[in-house]
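Multiple structures are listed underneath, in structure tokens.
You will see chain A twice below: alongside chain B first, and alongside chain C after that.
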Partner chain A sequence: MKKYFSFFKMRLMAGLQYRAAALAGLSTQFVWGGMEILIYRTLWNADPERFPMGVEALASYIWLQQAFLTFFALWQWERELAEAVRDGTVAYELTRPTDLYGMWFARSLAVRLSRGLLRSAPVILLGALIPAPWGLRIRVSPAVLGLFFVSSALMLAVVCAFIMLIYALTFFLEDSRGVMTLVTPLAELLGGAIVPLPFLPEGLRKIAELSPFGAMQNVPLRIFGGDIAGAEIARAMGLQVFWAAVLILSGYALMRAGLRRVCLAGG
Partner chain B sequence: MRLYFHYMSLHFKSRMAYRWSFFIECLGQLLIGLNLFLGLVFITGRFGSVGGYTARECALCCGTVLMASSLAECFGRGFDNFAHVLSTARFDRLLVQPRPLVLQILCTELRLNLLPRIAEAAVMMAWGAGAVNWTAGKAAVLALMVFCGAGVFLGLFLLYAALCFFTQEGLEVMNIFTDGAREYGKYPFGVYGRGILWVMTLLVPLALCQHWPLMYLLDRGPWWYGLLPALSLLFLIPCFLAWSYGVRRYRSTGS
Partner chain C sequence: MIEMKGVNKSYRVRRREAGLGNAVRSLFSREYEEIPALRDLSFAVPDGQIIGYIGPNGAGKSTTIKILSGILRPDSGECRVNGLVPWEDRKRHVARLGVVFGQRSQLWWDVPVIDSMELLRDIYRVSEPCFRENLERLTELLDLGELLKTPARMLSLGQRMRCEIAAALLHSPQVLFLDEPTIGLDAVSKLKVREFILEQNRLCGTTVILTTHDMQDVDALCSRVLLIGKGRLLLDGTTAEIRAMAGENLSTEESVADLYRRFGI
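Now for the complex of A and B:
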């Protein structure tokens, strides 16, 4: 366990180096969040009754979504890992006395955390400064905050496990870019990146909430805003645990199978 | 111009060598456009209208902007990789070749995988066209909107490349105006409130190709709103000036 942790720490430190990039990303995130808020404000002013979620919950959803974008953005995968499988560099990784799945999982987690942590604070601060109801909600009960953190951790597990599944698939497909190109738009729609899930039509919303994509950003962001509460939280977090387990197990098995048939041309 | 077409046919042939991956990329681009449209449909479906625009009217706007940006990207994405061109000193090689610089960069890439997205934009526009009482003049205005919109996006790419001379690396901030404009241009900018509308009219004149002429198309504004897209092309002048200033100031980065 210690070696995975030190690997994790190494990546985290490396990621925290890019402070300028984080600053640049910050303004982008802020503008995107602001545009979203403006469009929903127009909709709210026109017809508040058709809003499927509270204004404050929605505003918090949008600001947190922008702040923690790198935590769950599926399009930010590490191409070099998939590349390593393709061009055979993976052989070097295999010589290490660690499990490949664990190592890469720790690495993905660290990269997401380091990028996200740097970017999130300023966006959260700016979002909180915007007057209610369109700003980020600051007064949340400790219980909600605790649930938010637990659910965020679960979300990270689901996201990383999903990406790991894609890396494992590379052992069979040789090039996983195609899969990513097709999966990313689907994940955006079902994960609540295009519009928050409550804004989807009823049938599609149910499918989305049950899918692995619904176990990503959807859960923590809605817990924080107070859009889901009580038994709904338990159900949503149960689904997160379920998907994390399924994705990790299948990714692990797939990678084992892939490694068994891997054949490297050396030289 | 003949040189340009020669380059384009080369790109076409090289893409066709990997048909399968090309097909997947096309599908991916199609899905991205579809997501944009679905977002619009879900919102307009729930609320009936957005800032006074019906679903069809929004679709017309969305299709126009998507078409303009896809056209610009299809031909002008060579500028998008410009940071890479600079950092590997490939720009030096371009400088010594006796052909216009901008032309050479336009030739570095042709994004054929955007063709399906262009078709998709056309379908959106066709569906949205039901909201308009068409006349010959209005059709011309729509064509002008697409053409000038593509011009504005190209100007943005040029500006992005010009900034690369000073920063040596890509500026993520520019995404606000390139990808962001495409994403948020799906609704007429007036929907976002007065402040945004004026910024997008005077600073980055995309609203001149979208909000204002759309008012004319929908019979909500005077006829001369339809001519405003032509004005937006003035945006290309400062972009080009910034670019040529950057080129003059350029010192090689390679070793």
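Now for the complex of A and C:
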């Protein structure tokens, strides 16, 4: 385990040095969050009765989503890894006494955390300064906070396992960009990135909540805002565990099969 | 001890003629061609030897190295390195193997070299005193000093290659594969790298397989040369024997070129 942790630490350190990127991302996220708030406010003013979420829960959802965007944004995958499979650089990684899946999983996790850690705090702070009900909810019970952290960890596992599945597919396809292009909009819609899932039509919402995408940002963000509680939380986190297990196992198996037929051409 | 017996490996390559018409046709029926990369290849290398593994481009050198590193599995034939079958016991096998691919980098691009070294220490589970000792020795011999604190992407090619070689030796491997380690290096760096390889072999008895197109590398380092062409082993001997075969007073470089022509490879 130590080697995977060292690798994780290494990527984390490497990621933390991109200050300019963090600053740019930070301002984008704050402006974006503000815009979303304005749009939802207009909707709410038009007909508060038909609003499917509490205003406070929605605002917290939006601000946290902006703060932790890099933790779960599926389009932020590392082309470098897929490219390593494509051009054969993966050969070096195979000359190490480590498991490629574990290594890359640790790496994906570290990259997501390092990108997010730098920029999350300011967005959270600014979001919290905005007056209720359109700011980030501050008074949260310790229990909810605890559940939020646990389901965030599960969310990261699901996200990384999903990305790993795509990397493993690269061993069979010549290029995984196509798969990503197809999957990304679907994931954005069903994952609650475009609008929170309660805003989707009933049938679609149910499908989304059961899908692996619904086990990502949807769960921690709605727990924090208080949009789901009690048995709903248990069910959602159960699904997170389920999808994390399924995705990790299938990605692992697929990568194993891919490595067996690996055909590294060129000098 | 490295042994290969009757190893065959072929690749399936998709081919088509030029042009749009053929591109469309290949959507429906694809033509594959089996390209043999290694044909009935057998050789053995005893511990502590430095072997020059030479041959023209596309001869099968890299394929051999990849099989010996456990990355590729051959279609048939046997292969053992210190008693282990590389692709079956990959993790155990590579734990005592060092590899340098001259055209690729194993150092992490954005962080200082020393961070990469420490990561490798954890990956190979090198104990701290052992790591300190190895790093100190490598730093002195390869003149790394300040380089260790520099991010890998800021190093010149020669500096980087010295770091790459150090990185491959941190875990005191018994076997070292060097794939064109002097490619693109200036004269001073080349000499330094060669001197170091000899030193490492003399002190630690490391077995080295060196693939290169630089015959001066071979002259300086290798007690024995394996020449392969089109996937077959064509010659196994010393550099002196190669020169003797070519006759006249040719340099090793010219003799090898002469042999390539004679074998039609």
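By our rule, the second predicted complex is superposed on the first by the 266 of 267 C-alpha atoms of A that agree within 3 Å, B and C clash if a C-alpha of one lies under 4 Å from a C-alpha of the other, contacts with A are read in each partner's own complex, and residues count from 1 in each chain.
Criterion: a contact is a pair of C-beta atoms (placed from the backbone, for glycine too) under 8 Å apart; a residue touches a chain by one contact, two chains touch by 3 or more.
Predicted model only: the values in this text are computed from it and were never measured.
Contacts of A:Arg96 after superposition on the shared chain: chain C is touched, whereas chain B is not. Comparing chain C and chain B on the residues of chain A they touch gives the larger count to B. Contacts of A:Leu38 after superposition: chain B is touched, whereas chain C is not reached. In the superposed model, A:Leu200 lies in contact with chain B only, and not with chain C. Look at A:Ala121: by the touch rule set out above, it reaches neither chain B nor chain C. Looking at the shared chain after the overlay, A:Ala132 reaches neither chain B nor chain C. Touch criterion not met for A:Leu145: it reaches neither chain B nor chain C. Of the two partner chains, chain B is the only one that A:Arg177 touches; chain C does not reach it. Of the two partner chains placed by the overlay, neither chain B nor chain C lies in contact with A:Val241. Residues of chain A touching chain C in their complex: 2-3, 6-7, 10, 13-14, 17, 89, 91-92, 94-99, 260, 262-267. Note for the complex: chain B touches chain A at residues 20-21, 24-25, 27-28, 31-32, 34-35, 38-39, 42-43, 45-51, 171-173, 175-176, 180, 183-184, 187, 191-193, 196.
Note for the complex: chain A touches chain B at residues 21, 24-25, 27-28, 31-32, 35, 38-39, 41-43, 46-47, 50, 52, 175, 177-178, 181-182, 184-186, 188-189, 194-195, 199-201.
Against chain A, the residues of chain C that register as touching in their complex are 11-12, 57, 62, 66, 69-73, 90-92, 94-95, 97, 99, 101, 103-106, 108, 110-111, 115-116, 118-119, 122-125.
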